[in-house]
Structure formats: C-alpha cells, structure tokens
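Down below are the structures I want you to see.
Shared between the two complexes below is chain A, which has chain B as its partner in the first and chain C in the second.
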Partner chain A sequence: MSDAKQSEVVIECRDMGIWFTRGSRRTMLRQAMRRAFGRTVPEDSRFWALRHVDVDVRAGVRLGVCGSNGSGKTTLMRVLSGIYGHDEGIIDRREGTMSLLSLGAGISHHLSGRDNIYLLGSLNGLPRDQITELYAEIQDFCELDDDVLRTPVRYYSNGMRTRLGFAIVAFITPDVLFLDEIMAVGDTTFRSKSAAKLQELARRARCVVICSHDIGFLKRHCDEAVWLHEGVVRASGDAVPVLNEYADFAISARQVS
Partner chain B sequence: MSLPRRQIDLFLRLTKTGIARQTSQRLLGWGWWLIEPLAMISVYALIFGGLLGVSRVSRIDAYPLFLACALIPWRWFNLAALRGGAALTQNASLLTSMPVSRDAIVLSEQAAVGVQGLTGLPVLAIFMVVYDCVPTWNLLFVPIPIAIMVLLAVGVGYLMCPLSVIIPDVANAWSVSMRVVWFMSPGLYSLEQFPERWRELYSLLNPFVGIFEGVRRPVHDGLPPLWGPLGASFVWAVIAFVVGRWVFKRLSPVCIRML
Partner chain C sequence: MSSAFSLPMVIWRHRALVGAFVWRELKARYEGSAFGRVWPVVQPLILFAIYFLIFSKLLKIGFTDTLAPHDEAGKGWRTTFYLITGILPWTALAECLSRGTGIVLENANLIKKIAFPSELLVVAQVIVFHVYFLIGFAILIPLELYVNGSLPPELLWAPVVLIVQAMFICGITLFLSAANVFVRDIAQAVPVLVTFWMFTTPVFYDLGAIRQAAADQLVDVQNRMALGQKTLADVAEAQASLDGVELGMTAMEYNPMASILDLWRAMVTYGGPEGDMTFPVGKLVTVSIVSVIVFVLGYTYFRSCKHRFADEV
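What follows is the complex of A and B.
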C-alpha cells in the first residue's frame, strides 16, 4: 500500500448522492417546498447529479477530478466543500478551513482592487492583519500599481481582473483546497508565474482537490484521481491509470461522434 | 483566528461591499441618502399637507416633521426588507462558489441598509431645528421603536430571501403590498383620525402604529411613546424574526441549488 493510501482521511464520502429538481418553474416550486418541509419528492421529478459516490480526500494527497461536461465535477467540489448539502449517503469532514477557489468568485466590481483583496481574504478566512502583511506581496504578484488598486474593479480589463483574482487566491493557505478549473492564467509571463504559484499553493495546503479538463495538468499535479461519468464514479485510484482510462474514453467518444 | 472573529471580519467586509454597491456608481454617493428622504418628505408635505389639507383638518403642527417621523423608519424598513430579501439572488455567484455563511450574507445586507437608514436621523434633527421643536428627555426613547423596526425588517428579510429565489414574483407582490400597508399605517395622518372604537385593534394588528408613534411622540410632541402599540409592534417583530429565521433555515439549502 502506498503512503498516500495510509495517510489520514480528511474528507470521507460514502455512497453520496445529490439531486436537483427539473421541469417547469411551477414544478420546481412545488418540489422545493416539498423538499424543504421534509416531504417526499417523486422520483421522476428528481435529477441525480451525483449518486453512489465514494471518495476519500487524504492528507498530503492531491486528488484530481476529471470527466466530461455535465458529469458532476463541479457539483462534487461544491458538495465536498460544504456549499451544497447532500441527499443520501455520508460525508464526514474532519478539517477546519476549506476553500473552493474558482477565478473571479467573490470579486465585487463596485469595490476597488485594494478592497477586493481584503474582501476575498476575509471570505477565505484570513484575518485583516494577515491580509495587510500579505498586501505588498499580493500587489507585487498581480503587477497592479497603487493607482490601479484604488480604482473600482469594473474599470479593469479582463486580464487585470484575472491577475487580481489569481493573486488573491494564491496567497491563501486552507487545510483543504478545492481548485475548480483554476490553471495557469494570463499572458505568457504571468502564466509561468501563476503555474509556479499554483504548485506552491498545492504544496502548502494539507490536501488539494483539483477539477479540470486538462488531463496533462492533472497527471503532472495529482497523486490520485476520480473519473466521473454521468454522476457516478467510473474509476478511481492512482492518478495515471485513471486519467489514461478517461483519456482513452474521451478519444473513442470523440471518434464515435 | 477564532471563528466568531472571522465571522465578524467577514460580516464587516460584506457590509462595506453592500454600502459600496449603493454609493460607488453615483456622483453624490452618500448624499443621495439625505436627498431622497428630503425629497419624499417635501412632496408628501406639499400634496397631503398643502393641497389636500390633511394637516389643517387634523390640526397637525409642523407637518413635514410629523411626516418625517414615519417616513424615515418606513423607508429604512422597506429598503432593509427588500435588500435583505434579495441577498441570496444578489450574491448568487459568491454563494455557489465559496463555502460562505448565508447568515453573514443576509445580515450584512441589513447592516448596509442600517448605515443608510441612520443617515435619515439627521434629517429628523434638521426638521426639529426648522420647526423649533424643543428636545425633551423623551427623545431617549427613540432607539426603542427603531430597534423594533430593525428586528421586524431582519425577520421579513429572512423570510423573503428564500421565497424570492423560489418564487420570483415575491418582489413584485412585496412592493404592491407595501404600498397598501403604508397608506393603512398612520404615516400621512395621525392615529387620532382613526375611529376610536377601532383604534386599539388597529394598533394591535398593525406593527407600524407602535413604531411610527414611538418615533413621532418623542420627536414631534415631546411625549413618551405609546407603550401598548409599541409592545404589540415588538411582539410582531419577534414573530417575524422567529418565523423568518425558521423558513430561511429550512429553505435556504434548497435555494442554493436553484441559484
């Protein structure tokens, strides 16, 4: 058994399932009310986004999540990080701070870049003093001068916003880090800088869950992987064999289509 | 950092964001928070006090101040309930991308409105000076109806929050019903104008009677609040808070999936 498999389980997910309602607005309203007040929702109104999912997130392990569009990757990240509740099975979270990072999440266009640094820091559990300590480093990393950081973010270009968003999340150290399609971003220079920062970030966090379509990236950075297909786990285990299996499937699916 | 401190820090940041959302795109920024109530009071005073003669018929002195005593808490309540109610939809991208406290989101919207609402109080002071109202010790009672109104607004905001995600028509229904409630409350006219035999029941059933009179009597008349109606308002506010919080707790996890 590898070291990874012996390490402590930080999030344990057993036979987990989550469903959404679908149909007309009226149907959704009726089902939402039934669900909220503990009444049974008919099975034909349920759309199971994930079902019978068994995943262990272990300390010191970087777990990759792959799968085609609509397979349930983002839903899995949201359930594991506690944004969504689950409808069946068990999820046992044994760590304190969890951060799900997706670029641009939480950025307020009404606030200045500076205020956004403090806002996103707070959203990710950093105290004000610590954000102040990191401020110069963050500013240096995103390459935005004082005048720009005093300007409301709605006047920023897309590139500036991306750099700011990445710079803020790159300096956070949660116990469990969920990266939802955050890869290296920006122009060529910033891309290599952000790739290096991402690796450092993944090293600092106790465990990392990375969701991506980029198989190469997952192979380079993950120890274990889960392949989701139509809401169920198709394969899981050591990263390379699982990702190879998914890559073969993706190629054959493309050929068939 | 301990959890409560983290939550407080987050709450303050989100409040600041809520305030910025209201002020950052306007040239006069905070100035509008003073201009808006002043304009509304002037228009109401002109139409109801001047043209329709409500103040003359009811023998109300300093009618603009009389109006301000109701209009300022009313505006605060209305904004708090509306903005608190829209908290989930306004912050949909944040709530679906970060494990952030839903309570912090709703309460910070209320706090942002609270800052805006507080700026209405100097308007009251301005009218007191303009109409030569001598302040009495009874002014110290004013925070009580304001606190009751805030509790009522938080409760209604909690209730509206998940409902407006599930039923988009809630916001429209709310604005229609609020107009009805405003005209049914003693904002433009005095409580004395209401038929005496119904007055007590009216005071018990309408939480705004206690709140408006609770501000108006100390500010406009130099008298203590009417404790009976104010007590009824408090009971309504507690009921609204308990029911709103309960509904929010039950429905908000479902709503997050619908954002």
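What follows is the complex of A and C.
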C-alpha cells in the first residue's frame, strides 16, 4: 500500500466545494437572471453538496467511495469526472481521459445501433478509426446481428437496448474510470459476461473510482477508500480501516433509529 | 480572451463527435420520410416559389426590375437572384436561432451523464444549417450559367462570407442556448424576435428599389404641382415618405444581417444595388469585425456558465 501512496497523482482535489440552489427554481425572474448573469446566489438559498473535500486519485489505485444516502457520493463522482464544475477549491486533472460509466446515457432512439456506437464512442472520447477497429468486437459482445444494428434503437427490446448500452461503454478505455454502482446487466449469461468485462475494464484503466453501498464489494475491489458524510470527508486512506469505520457507523446509526 | 478563440481547436480535437452530432441531426430530420435526402433541395425551391409569387407577383414590393435597365438580359432575373440570396442566409439564421436556443436543454441526458464540450452541440447545429445553406446556394450555379453563360468571379468571396456568417450566427446561438438554461423564457421570446428581425431586414424587399420609387414619386408630385394638379401638402407628404425610406436605409447600416445579405447579393448577377457587382470589401471588413465580437462575447458567456449546466438542465 505504501507503494501506491508514492505513485503519481492523476486527479488532485483540494478543499473542493460545490453548491446547489435550494428551493423552487426559476420562479422569480430576478433570481433566474442572477443565476444566468452573475453566479452569486444569496447564501441562504445555497446548499453545499460537498465542501472542503480533499481527495487524491493516484495511478494504479482503485479508490472506493462510501457513505449513506445523500452524502454526496454521486456528486463527487460527477465533479471528479468533469460533469459538474466546482465552486470552491482546486481540481487538478493531470492528464488522460476520464469516463463516468452510465448505461444507456446518450442513446439516441431514432439512430440505428451502429450510429449509436459511433455517437457514444465519440462522446466518450474515442477517435473514429478506433471505434471502427473495435466495431466487430462490440457487435460480438452485444450479440446483435447486422440487421438489428441497422434498425433504429427505438424498435429494440429492453434487453437489446441494455446489451447495446453496455457493450458500448465496455469498450471505452479511459485513464480514469468512474463506476457509480455498476452493476452487471442482462440475463444470466450476459450478466456474468458483463461482470467479467467490468473486471477487465477496471484492470485496464490506470485508476478506478468506484462508489457503492456494498461495503463487501468495495473491500474486495479497492485499495483506498473515502467515506463521505453530509458533504464532507469523514475518513480516507487505506480501504479496510476506512470501510470498517463506515460499517460500524452505519450499524450504530441503524440501532439509534 | 484568448480562450474564446479556442473553439476551432476544440472542434478539431473532437471532430468525430461533431460529425456524430451532425449525423444525428440529419438522421433525426429525415428519418421515416419517403423522400429523405431530397428535402434539403426541394424545400428551398418550394419556399422560393412561394415567396416569389407573394412578394414579387402579388405584392409587387420594389421588384419592378427597372433597376437593371443597362442590361437587357437581366430583365426578369433580378428578383430571382435577389430573393434567393435573401432567403437562404436568413433561413440559416432563423433555423439556427430557433432550433439552437433549446439545444442544451434538449440534451439534458447527455449533459448530466457525460463530460464533453457542450458547445459542440451548438456548433453541430450551425454546421447542419450551413450544409442546407450550401445545398440551396448550389442552385444559383446552374442559374448563373443559364442566365449569363459564366460564373461571376465575385463568387470567390463566398467562403469568406460563409465563415463570417457562421461565426455571427454561432455567437448568438451560443449565448441564447446558454442563457435559456437559466431563463427559459428566452425560448419563447426567440421566435417572436426572429420574426421582427426578419421584417426589419431586407430579405423580401429591396430598399434601394423602394427609395427609387419614392424619389420618382416625389419628382412626379413636384412636376404636377407646377401644373397645378398637386398642392404643397402633397409634396411634403412625398418628401416625408422618401425621408422615411432613407432613414430606414441608414438604420440598416446597424443591422449586421442586412450587411451579410448585401455581401451575398454582391456576389451574384443583378443581386447588388442597381444590379451592379462591385464587391463591397469595406462592408465585409466591418461585418467581420462585428461577427468576431459577437462570437467572442457569445462563446465567453457560454464558457462562463457551462459548468452549471449539468445541475440546471
């Protein structure tokens, strides 16, 4: 573990904070204008989803993120992967591509399966010729034949759509891979196939950030962990002690209630 | 400020994504339609026929064709060239603005889930409508060959004017699509404003011809006053309407879209004022500067608030 500590930092996040607006939005023109033209929203209608967060994502490390509902896990994943901007502090992304896997995100229903492979591949930063190279493999993986891939996705069954969605993301190889409660999908065969694919994907990525409620899963797969509680980091460091601490907390919280 | 000019680099780096967005838009438009890819050609032709009938044949606003008296071959053709070079750029602007304003909101599911440069959604939109523009513009080439037997050398300015126009449209659309995320009333207001802008831009009418008609009218009234058929009040009235047209022409100097239309018109036969064809380089320089400013402001605004999109959409 000490080796990992020395290894190069890929994403450095210092004293990071992000706020959202509380209450009903867009009801008053003045407030809307304020959001559109100055970013200052009155302090009392802000709510800090994350604040004073320090996280390092290091090369070769699998980082687990745990915490109860509403603690800011998903927000952290989105901020680190660049979907959300942050309002405070510094996030330094050293290099490489980031991808937050989310199944079925961005599938266009009027496009054919083939066109979707190209669209989603390029949305995730794959160059066109690389998608062409991977095409046969993707098709093979999702078990859809040429005729199906020429059909607009809106005529697909749910299962076909899920398989297509999974197959596309499964072949993206980002430097940093974010997994938000991912999940094997499909029927029994496809489920084991997709689980295996995820493992392979995680092995290929330089670093992986996984967020999950499943402490056992995180213990098995992560080297380091961050415990978020109400938007702040409650503990971070080597996976097992942090996860144990969180597990104790979760049990005691349940007993109190 | 330098970062506002980084868009070409962003486009180049993500060219596969831009291509995929453009493709998606084209597919979405014609999917399931029997004539599919013929529509981009047929649509401007039909539109043109309608406008030609209404504005030139029914309403007869300023299209007397007396403006090309020095060239007999031009008789009957000026209206055609003038309308085509007005309708095509205008359609590009109007479609980009009305389709582009909502583009960020429409792609909420992408913006919430995938990190990608969202300005490319707008860029793809601008490209799509300029592809249509070029398809429509291509109609002019056989027309020129038929009427004149050759292509005017001024057409070589087309790529420059195309870029200036695209930058201008892109700047406005970037601003509107970003602001619309926060103030959604913008999407409601844009169609109204675009219509207003259309009628205050010489798309279907020719201010030069209208001014000529007003001036002729004034001379006529003055002559008839000398014969005692008209009073001083009639002269004053004719003078006032001429002044009004001239005021309108001055106001057009401040409408960049009017200048862009003038540039296109100066490229085609009988399109320019009085049917002449001296390309107004000075006007091109002014419009270019305005377009760069509009683009930089629009893109700077877009960049300044795009990190809030994922939360707001």
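Basically, the second predicted complex is superposed on the first by the 239 of 257 C-alpha atoms of A that agree within 3 Å, B and C clash if a C-alpha of one lies under 4 Å from a C-alpha of the other, contacts with A are read in each partner's own complex, and residues count from 1 in each chain.
Everything that follows uses one rule, which is that a residue touches a chain if its C-beta (ideal position, glycine included) is under 8 Å from a C-beta of that chain, and two chains touch if they have at least 3 such contacts.
Predicted model only: the values in this text are computed from it and were never measured.
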item: Three-chain arrangement built on chain A, chain B and chain C clash or fit; value: clash
item: Chain B versus chain C as contact partner of A:122, first or second or both or neither; value: both
item: Partner chain(s) touched by A:247 [first = chain B, second = chain C, both, neither]; value: neither
item: Contacts of A:105 with chain B and chain C, given as first, second, both or neither; value: both
item: Chain B versus chain C as contact partner of A:215, first or second or both or neither; value: neither
item: Which superposed partner A:36 touches (first chain B, second chain C, both, neither); value: both
item: Shared chain A surface residues [contacts with chain B and with chain C]; value: 20, 25, 29, 32-33, 35-36, 78, 81-85, 98, 100, 102, 105-106, 108, 110-111, 115, 118-119, 122-128, 152
item: Chain C residues touching chain A - in the complex, by the definition given at the top; value: 14, 16-17, 19-21, 23-24, 27-28, 31, 109-116, 179, 181-185, 305-308, 310-312
item: List of chain B residues in touch with chain A within their complex; value: 1, 5-6, 9-10, 12-14, 16-17, 20-21, 24-25, 93-100, 166-168, 250-251, 253-258
item: Interfacial residue positions of chain A with respect to chain B in the complex; value: 20, 25, 28-29, 32-33, 35-37, 78, 81-85, 98-100, 102, 105-106, 108, 110-111, 115, 118-119, 122-128, 152, 180
item: Touching residues on chain A, where the partner in the complex is chain C; value: 20, 25-26, 29, 32-33, 35-36, 39, 78, 81-86, 98, 100, 102, 105-106, 108, 110-111, 115, 118-119, 121-128, 131, 152
